[in-house]
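One structure is given below, encoded as structure tokens.
Naming follows writing order (A, B, C, D and E), and every chain is counted from residue 1.
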Amino acid sequence: MQDLLVLKKLTKYFGGVAAAKDVDLNLKGGMRLGIIGPNGAGKTTIFNMITGEIKPSAGTIEFEGEPIHRLKPHHISKKGIGRTFQIVRVFDEIPVYDNVLIGALAKELRFKPTQEQHREVDEIIEMTGLQEYRELNAENLTVSAKKRVGLATVLVTKPKLLLLDELMAGLTFVEIDEILELLRKINGEMGITLVVVEHVMKAVMELCERIIVISSGEKIAEGPPQEVANNKKVIDVYLGEERK
Amino acid sequence: MKKSSRVMVIIMAAGMVLLGLSTAGFAASVIKIGYTAPFTGSAAEFGVNGWRGIQLALEEINKKGVMVAGKKHTIEIKRYDSICTPTDGVANVRKLAMQDKVVAILGDHCSSVCVAIAPLCDQFKIPGLTIECAADKVTKPGHEFYFRMRPSVGLMAPLFTPTIVKKFKPKSAAFLVVNDDYGLGLASAISKELDKFGVKTVLTDHFERGNTDFMVYLAKIKKAKADVAFYVGVVPEGAMILKQAREMGLTESAKLIGSEEMGEMELVSLAGAEATEGTYAVSLWGSVPGDFSKRVTKRFNAPMHYAIIFAYDALHTVTRAIELAQSLDPVKIKDAMKKVDYQGLEGHIKFEDFEGYRNQCKFVPAIIKWEGGSRVPLK
Amino acid sequence: MMLEIENINAGYGEIQIVTDVSMNIDNNEIVALVGSNGAGKSTIIKAISGMLPVSSGSIIFEGKHIENTIAHKIITNGIALVPEGRRVFPYMTVLENLELGAYIENDQKTVQENMEWVFGLFPILDERKTQLAGTFSGGEQQMLTIGRALMSKPKFLMMDEPSLGLAPVIVDEVFKIVEVLHNEGVTILLVEQNVRKSLEIANRGYVLEHGRIVLEGESKNLVEDEKVKKAYLGM
Amino acid sequence: MLSVNRIALGIILIFLLLIPHIASSYVVYVAVLAILFSMLTASYDLLTGYAGPLSFCHAAFYGFGAYTSALLTLKTGMSFWLALPISGIAVFLFGVVVGYPALRLRGHYFAVTTFFFGHFMYLVFLNARDLTRGPLGLGGIPPPDSIFGIDFSSLTANYYLILIFGILMVGFLYALVNSGYGRLIVSIRENEDLAEAVGVNTAFVKVMAFSISAGLAGITGSLFAHFFRLLHPTTFAWMTSEMIVVMALVGGIGTLVGPIIGAGVVTFILEMMRFAPELRFIIWAILLIAILIIEPRGLAGIFARIRGGI
Amino acid sequence: MEIFLLQAGNGLIIGSVYALVALGLNIIWSITDIPDFAQGSFYVIAAYVAYFAVTLAGVPFLVALVLGMCVGAIMSFSCEKFLYRRWRERTFRLAARTQLLCAIALFFLFANVANALWTSKAKIFPAYLKGSLLGFSYMRINVLLAAIILFLVVYVFINKTKPGKAIRAASMDLGMAQVLGINIDTVNSIVFIMGGALSGAAAVLVSPLYSVFPTMGDLPLLKALVVVILGGFGSVAGILICGVGLGVLEALGAIYISSAYQHGYSFVILLLMLLLRPKGLFGRV
């Protein structure tokens, strides 16, 4: 089967500094991939390159066999890549329902939203557990609910690949568990491939089938969670090198 | 619709009903005369000064009282701001005619506004008297109810151009004019007249009101080597032009001739005698009586401005017409306007129809030369 | 006790990042505050330095309540900060950056003395004092930030991720400086993700996980503790 | 609630329809100006209230539409009924040309640039004398040609014509902002990056909002030209743009109803203040600052607060 | 050629006035993110105060200049302290927009106050110096000289003094500056005082050349905004170069292209620059 997402020698320089360097990645459809690494390692840079917010300095990104690294973010979104943001972003001053509806309309613009679109929005809202907030303005919600609104808005665009940037940050353990369950459902029932950048290791370890570790812009390890967690290089990166 | 919008819609509805109830007018016990003029914006000086002139005239008139049909009346002025824009001028006139029910309207000062309100005077059948609009089309072809004391630009140019040609024998002329209808109109009228005498216009340049730096324009005139240079505009810019022209040495290479407002003492007070020395100006009106100038200074602590004279005369003219008509019917006052024969501060005021003009006074402008800060009429 | 933090809660707007955190720092200690990204280390630093308000709890510095003090007043107590991401003033020279470090000091002589002291610690700054800070490499900028913080002759120095994004050689240098400063009598709060290195030089350590202190104690004990590893790698 | 709402709307409509029969021609004239300003603020609201960017050049489009329509009828003898849509489309296209580069700028840069653009267009109106007759004013514009036997040279007929267009325009804008397109426009105001990330072509939507807003101002300009039948550049100077911004703001942008009410309120206040010419704009400026201090969201914000009980 | 030189010199002088206003605007904008339109009205009021000081009280020009600067500074300071500051809270969504609108409202307010108090009639500022050099009057040359002196003063203040360095630090990293003990309220007050004083100085300097009237601030303000954007919040020198450059370009454009659009060139230059170099000619932000 063809890989869903292929990164080849993806590189990005800011000034003279390499935020990402020669990153390779093959991602099969239906996977749950975690990207971890210390602060400033370049995870978000890689994310932003995939979603088109920044252009790579070198290297290619292929999605379903098609190069996408020259496209604008909204084109990439239309191809089937959705994302959430590190600092939670919602459409502040409008109700939750309309937030999600915008996602549906961005996918398929109708002068008057169709019954089908309304139904989809309803479904997604129910799935993300936002029923009680439907009519509330998104800005008035808790962080956890806002994050779910962000997730719902992107889910309704029916992405094939979903990039989640620190979705768990700032949530309580209970909320994290809820989100994890939701993510499994998204992956299992909807068949959406997940890529998560996460600092809450517990979540990554529980959720992901495979993990890649980035440090100083370079991929230093790849493999199943347990293997990665016991990789000496990874431990060194996280905890600092042991004094020899 | 949002909830807050709903409340607003309701309040809007209530407001409109209230507005409707409040539009009923009230009866007048005095003679009401309207005055529309720019009191704000770049032309505000005209309105402000015009209002001074009207206040002076009003004091005199009300002290004496206006006898109409054996009854003593006083005059009340309703004045509104036109900001020198036609839409506001029209709103003023409509308000004066429909709400205030004035018997006559003074104003405006700006030609663009006069052009817009002149037809309205016909429509409402209320006589209007412009204070100082100069554009030809205000009285040519003219309107039955709209009057003008001062000559239009088209009337003026043929009267003074021959004097200039005879005196200076120029071969070329340059124009520096304010970019409004007055400036452009007068410049093209003079240019046309000069053309008849074979004087070529080598340069016409425009500046905006409020401009302060004229070095560019003056440099261009100097470059064009014109024999006479006309500057058409109002005193503040004129004073600047003269000061800067002297700074540049333009006064030596070309004869500078200012438009009619440059013939006022005001110019000397602003630019100084030195800057005006040896320049010329078209002058529209005679010398102002000294005691009137003193009154202005005493009452307003302000220098003389021709808008004061014009507005003063305008109110007196209208009052004269009311007394002649012996009626407060605007149509009768209009008819009486035609009979007014009055010696105002600015000259002889008598409205006539001639050469396609209607309700227009005839003044003959003179050319004056500035010498040592005083006006010396050119023979 | 130099600094006592009692049950503080803080965060950004409605997002609470740290919950009921209590810490103590004694005179002339190096205390390491470790924990994974997003655990809330920087939030604690910001709360102490007045850049973020605390919603409850107290911060007591030398017996004086300083919680929710406006940021520019904190430094007058003798607290200085080496911020995360260096944050030098890029279009100013090294000298100007250092002078700003002593902004609260009005006595020119003291400023000069402090400057000598800093130049003694970082000779490279002396060599390049007229160069624009923005043209410096990451390591050099880090030296400058530390030097700038020292210009106010602080009793208490907070360092937020001083080794982040630096080459290993430079990292070693930074840690060496921390030790030197400690020897000069400066109390230091070290926030680091380089757990092993920071615990090595620290007297005591606190481990922060998800906005709460999960472990505290002598640093040599912490180095060996499996919980630290768990806090980082989530096992 | 909806029924109250309908009744209120009904009262407004009936009142608006009755104005020429119960009020003097002065009031009718002011009402026409108020409706024209309402149309301008409502169309302005589409850009600044719904899409977000703060613009200071709406009067430039108003003027462009007015001059286009006037010149078409004067120079080619075209019928008003053709010149109106053509000028709307022309201004729309002009909006695309201007908006595409300008909207790449963000925040204050865009605002200041539109400020200059407004002034630049004023200079064009003033100095393109061959076309606009500059400060001499463009006169002799014919009234709308009679249609269905209605003669549009009277004030009353013009009032109804402009009222109908006003209602149509507000209806159109109401439908637009509540449609799918409207939601995408709002998404840009609320979070441009997020909108782009979920697949909204933000650059395109912004330019469209800008151009539609401009085009509607152009249609308003055309109506004004054939109502007033005399055009002068000062009518479209930056002062008018400011006025539109202030009216929209006083009412509360992003609500559509707010700016319309703002236009009515400000026009009304300025008319009431005609007796004190020198103080008119001073009071007006103080009023604006007061509103900014009390509630930057304008009357709509004040009403929302009253309702919210805050 | 003579005209070219004359005009270029003239542009130089006008440009230095733009640059003076722009300098204050630039510092204010880079620290507080407010395009302070109100500076245009401080310019007007300062000119009037200086005019009355000279004509009524007969003070020497230099005293009037200082007086004008003080008036500008006080007004600017008060507007920041009592108005802009209340919207500084960064979490407040409409902060930026509200501040901009307030600035415009103030600009409008003072211009109309001047109109109401002193009418729109231009007042001619008496000449304080006679004579000329190479076709430029001494007063005209003085504008340039004074501008250069003021630029030097600001340059020295910003670069060599402690408060100046604090201002520069605050413009680069507000948060860090605060941590180092810099009081941001004080910094704001200082920059607004500077801005007002510079606007006032520019106004009083040109008043004897031109005249004093309520809308006199419009053009310098508009041009100064262009200069700030062209300069891209650059250095003091960048502002001077942009300001003078714009002045000269306009002056020459008026002669060689068309004087009708003299005040439109800045827009064309601005638009070109924004499209080609969105960060300004000397941009660093």
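Note that in this section a contact is a pair of C-beta atoms (placed from the backbone, for glycine too) under 8 Å apart; a residue touches a chain by one contact, two chains touch by 3 or more.
Treat the numbers as computed from the prediction; the structure is a model and nothing was measured.
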{"item": "Those chains which touch chain E and also touch chain A", "value": "C, D"}
{"item": "Chain A to chain B, fewest steps along touching chains", "value": "2"}
{"item": "Cα-centroid distance, chain A relative to chain C, in whole angstrom", "value": "32"}
{"item": "Mean-CA-position distance for chain E and chain B (Å)", "value": "35"}
{"item": "Distance from chain D to chain C - Cα centre to Cα centre, in angstrom", "value": "56"}
{"item": "Overlap residues in chain A, where contacts from two or more other chains coincide", "value": "92"}
{"item": "Contacts with two or more other chains, residues of chain D listed in rising order", "value": "126-127, 278, 281"}
{"item": "For chain E, residues contacting two or more additional chains", "value": "112, 115, 260, 263"}
{"item": "Chain contact graph, described as a line, ring, star, complete graph or other shape", "value": "other"}
{"item": "Pairs of chains found to touch, sorted by chain label", "value": "A-C, A-D, B-D, B-E, C-E, D-E"}
{"item": "Touching residues on chain E, where the partner in the complex is chain B", "value": "3, 6-7, 10, 14, 112, 115, 119-122, 124, 127, 132, 135-137, 140, 206, 209-211, 213-216, 218-219, 251, 254-255, 259-260, 262-263"}
{"item": "In the complex, chain D residues that touch chain E", "value": "54, 101-102, 104-105, 107-109, 111-113, 115-117, 119-120, 123-124, 126-127, 242, 245-246, 249, 278-279, 281-282, 284-286, 288-289, 292-293, 296-297"}
{"item": "Chain E to chain C touching residues, read off their complex", "value": "91, 162, 165-166, 168-169, 172-173, 175-184, 284"}
{"item": "Contact footprint of chain A on chain D as seen in their complex", "value": "179-181, 183-184, 186-187, 190-191, 193-202"}
{"item": "Contact set on chain C toward chain E in their complex", "value": "13, 49-51, 71-76, 81, 83, 87, 89-92, 96, 99-101, 103-104, 148, 152"}
